[in-house]
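The following blocks contain the structures, represented as structure tokens.
Each of the next two complexes has chain A plus one other chain: chain B in the first, chain C in the second.
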Partner chain A sequence: MRLLLRCSPVIFLILILGSCGRGVSRFSDTGSVPDIFPDYTNVTIPVNIAPLNFRLAGEVEKLYVVFEGNKEKIEVRGKDKVHIDRGKWRSLLAGNAGDSISVTVYAFRNKEWSRYKPFFIRVQHEPLDRWLVYRLIAPGYESWSEMGIYQRDLTSFASEPVVDNRLLPGACMNCHSFRSNDPSDMMFHLRGNIAATILVREGKAVKLNTKIKETISNCVYPYWHPSGNYIAFSVNNISQVFHSVRDKRIEVFDSKSDIVVYDIKNNKLITAGLISSDSSFETFPAFSPDGRELYFCSAAKAAQPDNYNRVKYSLCRIGFDAGAGTFGHSIDTLVSSHVTGKSVSFPRISPDGSCLVFTLSDYGNFSIWHRDADLYQLDLQTGEFHPIVNVNSKESDSYHSWSSNSSWLVFSSRRTDGLYTSPFFSYYDRKGNFSKPFMLPQEDPDYYKFTLRSFNVPELVTGKVRNDGRSLLKTIGSPAKNVNFELKN
Partner chain B sequence: MAGSDKNMIRVHVLTGAVLTGCFVFFCFFYRYHIWFEEQMRIFLLTPGYFMTYLDKPAILSSFISDFLTQFFYLTGGGAVVITVSLFIFWFLVKKLNIPEGTGRNAALYALLPVLLSWIALMDFEFPLAAVVSLIISVLCTLIVRGIRNRLIRIACFFVLLPVVYLAAGSTFYLFALACLSYEISGSGMRRSLSLAVPAIIIMALIPFLAMDLFHLTGFQAYTWISDSKRNPRFLHFLPMISLVPALIAPLFVKRRRTQAPAEESRSFIIVVFAALAVLTGGVTIFADFTLEKILKLDYEASHENWQKVCNLASRYQLRNSLASYYTNMALGKLGLLPEKLLEFYQPAATGLFIPVNADENYLTITFSNEVYWQLGDANAAQHSALLGMIFSPHSRNVRLMKRLAEINLVNGQYDVAAKYIRILEKTLYHRKWAQNRAKLLMGWKLLPEASWLASKRDIIPVNDRLKLAGDYKGTLKMLIDDHPGNSMAVDYLLCYDLLSKDLDSFTADFRKYYRQHGIGPLPRVYQEAILMQIAAGKFRHEEFPDHMFNPGNIRRIADYTRIFAGNDGKGSALQKDFGTTYWFYYHFASLKRE
Partner chain C sequence: MQKNKALGNAVILFSGLFFAGIFVFYAFFYNSHLHFEEQFQLHLMTWDWLLTRLSLPGGFAGYLGSFLTQFYFVSLAGPVVIVLLLATLTIVVKKIFSKVNSTAALFPFTFIPALLSAMILCNEFYPLSAITSFLIAMTGAMTYVSVTRRDRRAIAGSVLIPVTYWLAGGAFISLVLIMIVYELILRMRSSGTRSVTGDIPGLKPISFWYFVVYVVLGLAVPLVVRQYLVMQPLMITFLSEFYYKVRTTIPTAVIVLFILPPVIMLILYTVRVKENRVTLAAAAAILVFAAIGFLGFRNFANFSAEEIMRYDYLVRSRRWDDAVKYAERNPPRNFLSLSMLNLSLAKSGQMGSRMFSFPQRGDNGLFIPFNKEYVAPMMGNEILYNLGFVNAAQEYVFESMETIPDMGKSARALQRLAETNLINGEYRVAGKYIDLLGKTIFYRKWARNARNYLNNEDKIDKDPDWGEKRKFAITEDYFFSIKNIEASLAMMVKAHPDNKTAFEYLMAFYLINKDLRNVLYLVPVMEKMNYREVPVAYQEALMYVLGLNSNDPMKNAPPYISQATKERMQAYAGIYTSYQDAETRLKKNFSGTYWYYLHFGKLVRSDDSEKK
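Now for the complex of A and B:
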């Protein structure tokens, strides 16, 4: 008896462990796919993504989930959330790359187990660039307090600040941009009391003052030339006004805008009459992957804010000679606002040059505040474009960028609640198809439900950004270098 | 009774008196500061929430203090929390037994940092986390000092140095100093240096390493108190600094002799007077009783006790734009704004709206949404509330989160409303409120609680217009155009014109928007302004039936004009009889720059 008592904890442990390993033998079938958050049902994921932890909606006492691949399976138990072991998850994805894993969810409610219809997760061989750089900021209109640019390791849940305003109190930082997904060539703007542009080229940082008398404003929306010798910028007079009715919040519009290109080697801004016309607004520049063309959005000039909902941008293109730093003599219109009746923003071409994705909204260019904003794809060979039905939602789907291998698109969407922006990823199969997107996985699946900050400007980079805010403090504190100006053509 | 025992009793009575005074002060004289502190933050009972504390130093003290700040919601809760915290602090400092070797004076000396903490806590910027940090540091000191084996004690000291920094931020200097002085006191020079030098190097190194780990500037890493106060002021370090002389004194001064009873009594009296002087000075300099009154107005306004706001405003007669803001809001809600407008201090039109921009502090930005909410401009209220939340400590604010939930319920943005409600459901004292509001997400029309929602929806704008953030008149006109029955908005518009001394706009707006209910006289300030405009030929007398004016007012404007002309336009002769008339305001009030 004494022996039995002494051994009872061990027996108890064995019983517990035994019961854990057994799975669920008696259950009823619900006949439906589980309602989980984030929605990972039937999504396509890269082989290197962090575990897709999720929560089952509604009241539930216990959860038992089986992730099953060709050779192995993972069993996970939880109360109402699923936390998957990272090592097992990695091994499961590696073993099923190019194939699908099935996920069967069992829920225990009212003293009985029920089984949901399995859903599938397609695992793609093509990896996602390992790091995602984004700005975290409260969706708070024109002001800021706690905000910063952060980087997240997509193979785990580790994230850290690149630069934030704990380090730079009172400053705002925005428009971080990288050359061809390379973390060693980076730029971002500082606003507020230490306004400047911080440019990091091959690890060396410089602080620039880009506000010169010849241009409308400081440099704003950037895009790197693939050679690393130029960055195209828009210069904009941006204003913000407020809607009065309940289903709209903010309107942001340009009353003037042009495009300039910063010649890094010669420290000068160059532009041409065709991209800095007085009779039109030009904004959101983007170079083609070969660097020979500059895409941008253009709209006929109109008095603002009276015509705020009549300004509609077309997608245009002009040639660019990187050797001479000159522009072409004509502009091609690829997507005309006269045809669409709508407005283009954020043209982004896949690094392999096969697909251009842009945002289309009813009017204007600040699509994040437009519920109607959707992503469209343009076939650069045929010139045909259409909405990417698989990825769009009833809320704003707006800023987007490509992975270095052209297989993944990351975009910001407000689909969760209509106000707070989150990053989503969609697989592009190079045949013109995008998969159902999945939300950036978090260790705690409730993260998005509790966070009060939005993910802005998600940019994929191939490595970790080493030049973080602390190492840039000296540059940030130094006097800014003034840029020169040249009007070409 | 021996002299020393008598002295001990006296010290404890004094301590009791100080702590009672502290409780009374925070419970009865500073209660609205305390209440507002709770409103300015949020504490969630979730594991994910705790994780948000891990990315900066003072993890434990910040977490504990935010946990404790929840209880500020309860009447007297804040006073209890502060008093108990200060008692624990006193008790632990007393246990440190400083100045070394004079146990009785230690209890007395321990009152000094307690008094300074009390004074610092009067400052909105001084976080409770700072007191908790001090408690943690002193507690760790006592634990280390309690280890008998010197080697183990020293090893523990070195191990705990970074731990205390992580747990309690820059108050780890106190821990380091207290432990070092204990070890070094009475040791030889060589032995002392062999301990002090590495300890000081490590002490200097820890914040240096924290700069990278937590992404802090050098100043922040070396002075970190709490995330609520990233750039603390000298005042915030005074409680800690006050302990330093006593901690290092034993290193230089020989042990003092025991005092004679008479000497003890004298010292005690001196200490009592010193304590009183410190406290009186501290209260005079740092206590903000004007803000306390404003916060009381804010409290009553947030509970929609409009009559009480008016009564308090009459009693206080504050010459402060925030006080005017709440007074005008209450008058507006009661329909008395044009009747009693000039019975209160009016800093031009700045008493009607609070500007929302980055130059304002989070206190005023937090207040700024109230008037929009009461007027019916839900979107402007949302803009102000979101900005208020952004500028709050940790960018989390329970009061504004409630407001945002309500705004989004009114606006029919249920997904966002659900987000705020879900967060509030994880709090201790706002859970019930959130659960009640959560019912509205299902089907608000069915519930009796939804009457407020329906009444708000009746006055929010229906036609879309664009406006700038500070376009107050545009806001008011938009509200009236969409709902001409919004009498609060009409009064705000007309009073805005009058307070801005823009009589031409008043004339135009009055003609366009004012609708009189009943046949009584017009509200006083309107009568006075209209009489002025009739005299100036901007209104025709025939536009206004006689019953719209008090006959006395017509006589009074004649008297006013006569005295004004007879005194070369000097206000002194008019102040007594006409000081609260619009005529006097128009002629003599100087406009303040917003």
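Now for the complex of A and C:
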């Protein structure tokens, strides 16, 4: 007995190790692919993504999952969730880049194991930009609680605030934007009692007052010129109203909007009659990767909110001369609302210039509140466009942006529960094909189940945003620099 | 010896009275404040929630505070929690003070921190975590003063400062001050300045340099945390976000609480009570204590707010009859209370009969205008929800939750959001809220039941509450605004003439606004309501109109006008038309009639001064 007691730790260790190494020998096949959350079945992922931890749906007592590549495999055990070791995961992905790994899930229920049909995860060589910057805010109406702009290391689960209202009590911040995925050139707006635009270049922050008498509002939706010398903005009179019927909540609309371009060097807003017309609404500017064209959305002006569902935006383009800071003399319409009968928002061109992705919804421009909002791709050579079937869902699929290598598209979607927005990533093969998207992995797969904040405006950046909180606070507390105005052409 | 025994009995009696007093106060005079506190927080029993809290300075105290606050859900459990917490605090404080001066006659001083804590809790902006953090700091201080060897005490002090800062936040200031004061006292004693009557005479003070170390640690630890771990405003760094619900406000009362123990220690050190003056000293101390208690509670307690919270609690609990009974004893003094009373009258089937028995002052007593704060929208949501404006109720409650000053979430709000989403068939979002509530102690049972309704159309349709809301669902879309509530109500009544609450609110809206033309328009709808007895206020309004348009209103009155109403009108008209001081004469017997309101009632608009 004493001997048994003495040896018990060893016996215990042997039993543990034995059971770990043994896997599952007796099981029945379910014949189906497991229902997991997030849905990582048959997705395509970059070689540098964090482990895809997941939960098996339904009641389950134990889980045993095998991730198997060409040479190595990872075995993970859990109750109902899978937490993959980061080191092993990284090695597995590195060893299988350009290939697929198979995932076999075994579930233990009612004293027996069952095996699901394996699913596959395709691993792409092309990495994802390492950091994702997004805003976290409750999908509410007029007020906000804890919110801020945050950054997440996509190779791990580390995240931290870039700026939030823990640091700036009562403040609201939005519309963060980077020049060509570069974290050192950044801007965002502050709203509320300390309203201003904060422009950060090479770590130095400047506070701007962009509300001038010549424009209809503060600068709103931004897009950096690739040179870093300009930022295009829309200026909008934005209102919101609240639906009464059960399947709709909020309608956000512009009663006026124009486009202006902020000339950073000369501290002035420039615009032209063609992009700030009284007879139309212009919004959501985006420069082409070569900086020679400015894309935007335009709709015929209509009284709001009476015509809220009759305002439909077309995708347009105008030339831009960055040297002179002037605009072209004509506007091209690439996707006409007369043809689609729908409304375009958020045009975003891949950095290699091969593909333009936009959001198309039934009307208006605030597509996140439109369940019908889907992502479309436009071939800039042929002018043809079509929905990206692989990535769209029944819920709103809306804001999107590209990775610096043009291989990945990140977009926000409400597909999980119809209200709270989450980021998804899809691989673009440069032949016009997008892969089935995967949800931003979290250490705890239940993260999305319990979070009460939406991920807004996901933007990929190549490095970490290095803002010194104290100097940022100092800038925010200082007087804002007023911008000037010039009407061109 | 006998004197000591008497003093011992006095301490027991005093303790009993003090804690019983606090219990009675919070159980019977200030209980709705506790319910109010509880509903505007969400304490999840998950590791994640605990870790999130622990990742912030003062987070452990915050966690402890919200953990205990959830027990406020049960009316008598809240006062018990407060009493237990304050009793523990008193025991800990007593142990600290006894090191400086163990004179029994000064025992009331030991209760002063608990007294101030009890006062602070009267203000709904001070969470329980302000007190839990103080208790943690006092426990640290008790540990410190109980270390007899000075080298060990120096080490203990250097460790306790950062640990207490992380666990309790700015309450560590109290610890540092106690440590310094304690060492100063030991130093004075060892230098023979003064003798110490504390528990352990003969202790040696720590070296002067440790004073410097304590001060440096006290300043440096928060700054290092701010620089490298949690970037937040300086005030929050040195205090904590868990002491006051508005992050930009300096929690003065809590700071006073933190400074109090070292100050009392110094007082105790200086006060010497002669043998023959013990009774006098004890009496004086009790007197001082009572004066602080009286003035403090008068300053901190807000019984106007308690009244509003009482109405809100009764409405939230759907205790409609109790709300009306409460109003009979405490007539509403502001629009928030009045609107809760009117809802209770409507839901208990008394609106048309009794609403003018209470001081109606305008349609803001029916509907609460939207404000970007958390109280009015929460209460306003109850009205909209019960009228069938599900989306509007959802908006109100969501906004309420988003404007909670401490940026937390609300169990009550999540419960309502789960309901509105269930009614609207948004099962995935409803499931999310239900799952969250399932992680709490007191809403778990509700969540378990609500889960059965997910994706079960039939079950929801058959539910008396949710099914009714579905039945009255708005099918023709329009943009809702509380400013256009009359139009929304009219549309609701037109689409759902069987929505009795909406009909009675619309009638009330017109009656309160003295809009008899529209009251008349609603008579055909009223006639289809199958009232066993048409509500008195409607009868009175119709009789008034008849009186204006008919030579013989008594004869021409429709059959549903009761004989009593006719006779009452005759009596009222007799006085009204005969006396110049009719208002005064009618007040006694007719102030509850619609006629009296019509003739003498004043329409008041809400103003900012009424908003709490």
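FYI, the second predicted complex is superposed on the first by the 484 of 489 C-alpha atoms of A that agree within 3 Å, B and C clash if a C-alpha of one lies under 4 Å from a C-alpha of the other, contacts with A are read in each partner's own complex, and residues count from 1 in each chain.
Definition applied: a residue touches a chain if its C-beta (ideal position, glycine included) is under 8 Å from a C-beta of that chain, and two chains touch if they have at least 3 such contacts.
As the structure is a computational prediction, the values presented were derived from the model and not from experiment.
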Subject >> Side-by-side fit of chain B and chain C on chain A, or clash >> reply: clash
Subject >> chain B versus chain C as contact partner of A:D417, first or second or both or neither >> reply: both
Subject >> Which superposed partner A:S244 touches (first chain B, second chain C, both, neither) >> reply: both
Original post:
Can A:G469 be said to touch chain B (first), chain C (second), both, or neither?
Top reply: both
Original post:
Looking at the overlay, what does A:L167 touch: chain B (first), chain C (second), both, or neither?
Top reply: both
**OP:** Once the structures are superposed on A, label A:L452 by its partner contacts, choosing first (chain B), second (chain C), both or neither.
**Re:** both
Original post:
Where does A:D444 make contact in the superposed view: on chain B (first), on chain C (second), on both, or on neither?
Top reply: both
Subject >> Contacts on chain A seen with chain B and repeated with chain C across the two complexes >> reply: 138, 140-146, 161, 166-167, 169, 241-249, 251, 305, 416-420, 444, 449-450, 452, 469-470
Original post:
Can you list the residues on chain B that touch chain A in the complex?
Top reply: 44, 46-49, 51, 56, 211-212, 215-217, 220, 230-231, 357-358, 377-380, 382-383, 386-387, 389-391, 394-396, 410-413, 415-416, 418-419, 422-423, 426, 460-469, 478
**OP:** Would you tell me which residues of chain C are touching chain A in their complex?
**Re:** 44, 46, 48, 231-233, 236, 241, 247-248, 372, 389-392, 394-395, 398-399, 401-404, 407-409, 423-426, 428-429, 431-432, 435-436, 439, 473-481, 488
Original post:
What part of chain A is in contact with chain C in the complex they form?
Top reply: 138, 140-146, 161, 165-167, 169-170, 241-249, 251, 305, 416-420, 444, 449-450, 452, 469-470
Original post:
Which part of chain A faces chain B closely enough to touch in the complex?
Top reply: 138-146, 160-161, 164, 166-167, 169, 241-249, 251, 305, 308, 416-420, 444, 446-447, 449-450, 452-453, 468-470, 473
